[in-house]
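Across the two complexes that follow, subunit A remains constant while its partner is subunit B and subsequently subunit C.
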Partner chain A sequence: MTTPAIPEGVKRCGSRQFLLWLGVAALVVLWGVYAMYRIWFYGLNQTNMNNAYGFALWIWADLAVIALGGGAFFSGFLAYIIGLKNVKNIINFAVILGVVCYTSALLILGLDVGQPLRGWFIFWHANVHSMLTEVAFCLSVYLGVLIIEFIPVLLENPKIQKVRFFHHLSHNMHEIMAVFAATGVFLSFFHQGSLGGVPGVLYGRPFAFREGLFVWPWTFFLFTWSAAAVGPLFTASMCRLTEAITRKKLVKDDVYHLLAKISGWMLLTYIIAKSIDTIYWATVTAPSMGFALMDFYSNNPLYNIWILVAEIAVCGFLPALILITRKGRENKKLLFGAAILAIIGLLINRWVMVLQVMAAPLMPFQEEWFMYSPAWTEVATSILPIAYGIILISLAYRYLPLFPQEKELNPGN
Partner chain B sequence: MEKIPSHTKKRHFGMVIDLDKCTGCASCMVACYSENNISFRDEESVKMLSTNWIQVFKLTNGKPFPDTEVCYLPKPCMQCDGKHFGHSPCVSVCPAVATDFDYPTGIVSQIYTRCFGCRYCMAACPYHARKFNWWDPVWPADMEKYLSPDVSPRMRGVVEKCTFCYHRFQRARQQAYNEGRPEDIREDEYQTACTQACPSNAITFGDLDNPDHAVYKLKNSRYAFRLLERLNTNPSVYYLSTREWVHRAADNYLEHEQPAFSEEQQA
Partner chain C sequence: MFPFLYEWHWDIGHYLFMGALGYASAVIGLGLVYCIGKSIIDTAGEDENAGH
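Presenting the complex of A and B:
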């Protein structure tokens, strides 16, 4: 069944099936919205955070979605700056994924602060020395850029295209998109890095603290690098998931292979740099503050040394080595298995750089690790972006020509 | 920009706490709650949800009876000078300048109406000296009449911490000004509530840079040390103890390392 609002030449499911699909996601959104109400109305006492865990699940979720949304800026960089035309076949999807990730990040930040109505203070009373200020500025401006990148995609809807003004607007915006892509890349390099700087500058927290270059700790560069490496893999994986759900081929394999190859090399170089950083931190930085490596990995049930092994070896070197080989990339199971491992590795990295920093005891007379498990309100509001993402992507997939190769790959429709 | 106006006398307020004198009575905590309008709830057993500005810890040497030794360690905000003077761990990270390093006094301030509750400063503080207002402050009936008019109560959703009773400094400065000696604040004119409440005189407060103040001599004692000194936070709170294990408990050391102070050397 087709309606005039659905792009020409592609087939979509019936309205009833689509609404049912949206309804399930909407229920999860409602659950999250109820949690949001509890938090905004009653305050952060509705969470399981405490004075030891000023940063907890939400900050991890923030760092994670922004890193995974890095697929938007790096794909834009590859498509518009480097000129890899093949990447343009997935760029619309990457942009929408980016919009989902970045709007989610801002929503979560709005929940996480104790006085949300004072959120504008970060711009008005900005402390230029704070990494969080840099994050707030770059993140907000970049979201603006993402929305500008999203508008021409939105205007591609057949009904909107009938309006002459919108038709020309979308055409002209496409023409100048490289400028916005370049701006987005510039901003993203900074805010991805600043997010890395958030834990890296904490010289009172030896687990997080890193030396660096001028005012930027090494985590600044590692966060940017890892987001650029894993972001496109997340885009590719979500695209593959969309293919599986819709039971349609939407993007040619060579697009996946190209992204996988670039991400593979990025991931390999990242994980080598990360290993060097870890070795230097473990042998020079931490000991200078009186800590041995195992002080951070023992005596607690969650943060033992295996979390480091999982991050660097299993979810770092292993997927990188799979992705840099042609055989690995051309085997779908291996390719997406490696992509999932890399995504998990990124999530572990952001997790330890937020939660383990808070958990590790610093004063010798406080031997107990600070343990934390999120409240249902934190979980619901962290899952909310996933359901919201499903809704936005479903609507975009149904009503917008997201995938330029879809018609060619599904000629029977 | 000049950090201290030329007409302002530079002071560096600090505290020296003698751990060999502290009995762990927690009078300092009670005085602090009362002086600074710190809110509390019926249920205060989860200490990581409390907003105490000074907290007393119980340390033991870990040895079985009869060699067991106990030490009580009161821990206020360390008012860190930071790696470079004024670059305190919390001040440098606050995105909205809601906490600031006061160069004329060396005290780290907290502006409650500026703070929007991101808690980055709490993540930056290795001492857990900063507390978040998880709830709106509610006092038992009639107790509001006993609140100090000099200290504003804090609202839900902002961070607060020890200010070395800065309002007392302001009061002392005002009095000195009224008496025609604007920069001459005597040692006894500005004392924190915890210092005055301590029954065993374990807490001494004053200008760390002023040779006439007791803290000046005490901080240079061979028994003096600071908490987590190796992190380079440069605290303005010093501790005194003649016991080596207490020195060791105050910082982190690798297996082959020893604290600068040792009982053997002293003997």
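Presenting the complex of A and C:
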């Protein structure tokens, strides 16, 4: 189907089919919104959070979407600052994913704060000793950068392009996009890092506590590095998924190969650094607090040593080694299999640093773990970003020229 | 947070935190003003040319 609002030279499905697709995602969004309403209206007693779990499932979801949204800032860095032209063929999609991830992250924070109407307090009455303040500053301003990066894509819609002012605005914004992208990289570095900086002050939680350089624990750098490594893989995987759903080729393989190669090396260096950090923590930091490594991986029904093996070996070294080899990258199944493993590894890392931290014993003589299962309200609000992302990406794909190579790759549509 | 608010202290923490926020916001704000301003001029210039 083609209408004046659909980009020239590409075909999209019929309106009825499209609305049906959106309707299914909208139902999930409504479920999440209802859960949000209950939490805001009745309070946190609607969740399974308790005195042991001040961070719930949605904080994991928050850290996960922020890390996966790292594809936007790192792709922007590669495209606009390093000047890799190939990455520009997927940058619009990376920006949309970034907008989805960061609006979701702020939505979740609004939910977690409990009083979203007082959200501005964090700027007006800023506590400069709080890492949350830095994260909130960077997240909010970076979302602004992402929206600015998104505006030229939005203005490319054929209907909007007819208005001359918007045509010029789109062009002028493209011209200085490197400035916005550089600001975005600066902001992303600090908020990704600050989320990883939390273990540096968790003196009372030996499972999480990390030492580091000056005021920055090693996890500060590891969080940023892992987001930069896995973010582009997430972008590539979502692009591949969009190709599978639309049954069209949207970007050339060399774009995937380039992203995979860069991410592969980033992932390998990250996982080596992560292994060194883990070994130092297991042999020096934790023992100095009276714990042996296996104290954190036994006497509980969920967390055993395999979670560490899965994160570092299966979802770290294995995908990194696949992605740095030409043969691995050129085999589509291996490439996207490795990308999915790397994404799972990142999700495990954030889970461990949020939820296993809360579960692990605090004292050497404490044997009981604090186990937790999320309430439906937490599940609904954590799934909400996925459904919301499906809606936004579908609308963007239908009405905006997201993929510059689409026309060339699908001549007969 | 601004210096006229009661929580404000003239110390390094406030300089760094609020300075970085102000710096990033200023870059973004000025960039946007430049783009919008230039687009207005470009559009006006186009209209003028069309008139001749």
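Here is the rule we go by: the second predicted complex is superposed on the first by the 405 of 413 C-alpha atoms of A that agree within 3 Å, B and C clash if a C-alpha of one lies under 4 Å from a C-alpha of the other, contacts with A are read in each partner's own complex, and residues count from 1 in each chain.
Here is the rule we use: a residue touches a chain if its C-beta (ideal position, glycine included) is under 8 Å from a C-beta of that chain, and two chains touch if they have at least 3 such contacts.
Model, not experiment: these values are computed from the prediction.
Within the superposed three-chain model, A:G290 lies in touch with subunit B and out of touch with subunit C [touch as defined at top]. By the touch criterion defined above, A:F186 reaches subunit C but does not reach subunit B. By the touch criterion defined above, A:F234 lies against neither subunit B nor subunit C after alignment on the C-alpha atoms of chain A. Of the two partner chains placed around the shared chain by superposition, subunit C is the only one that A:V141 touches, whereas subunit B remains out of contact. In the superposition on chain A, contact is made by A:V113 with subunit B only, not with subunit C.
When the two complexes are overlaid on their common chain A, residue A:R205 makes contact with subunit B while staying clear of subunit C.
By the document's definition of touching, neither partner reaches A:Y102: not subunit B, not subunit C. Legend: residue contacts after superposition of the two complexes on their common chain; A:F77 is shown touching neither subunit B nor subunit C.
With both complexes superposed, B is the one of subunit B and subunit C in contact with more subunit A residues. Legend: residue contacts after superposition of the two complexes on their common chain; A:N172 is shown touching subunit C, with no touch to subunit B.
In the superposition on chain A, subunit A positions 124-126, 129, 133 are in contact with subunit B in one complex as well as with subunit C in the other. If you check the complex, the residues on subunit A that touch subunit C are 123-126, 128-129, 133-134, 137, 141, 144-145, 148, 164-165, 168-169, 171-173, 175-176, 179-180, 183, 186-187, 190. Residues 43-45, 49-55, 112-116, 118-119, 121-122, 124-127, 129-133, 136, 198-199, 201-206, 287-292, 295, 357-358, 362-366, 370 of subunit A are the ones that touch subunit B when the two sit in their complex.
The part of subunit C that touches subunit A in the complex is made up of residues 1, 5, 7, 13-14, 16-18, 20-21, 24-25, 27-28, 31-32, 34-36, 38-40, 42-43, 46. Contact residues of subunit B toward subunit A in the complex are 46, 48-50, 57, 59, 73, 83, 89, 92-98, 114-120, 122-128, 130-136, 155-159, 227-228, 230-233, 248-255, 257.
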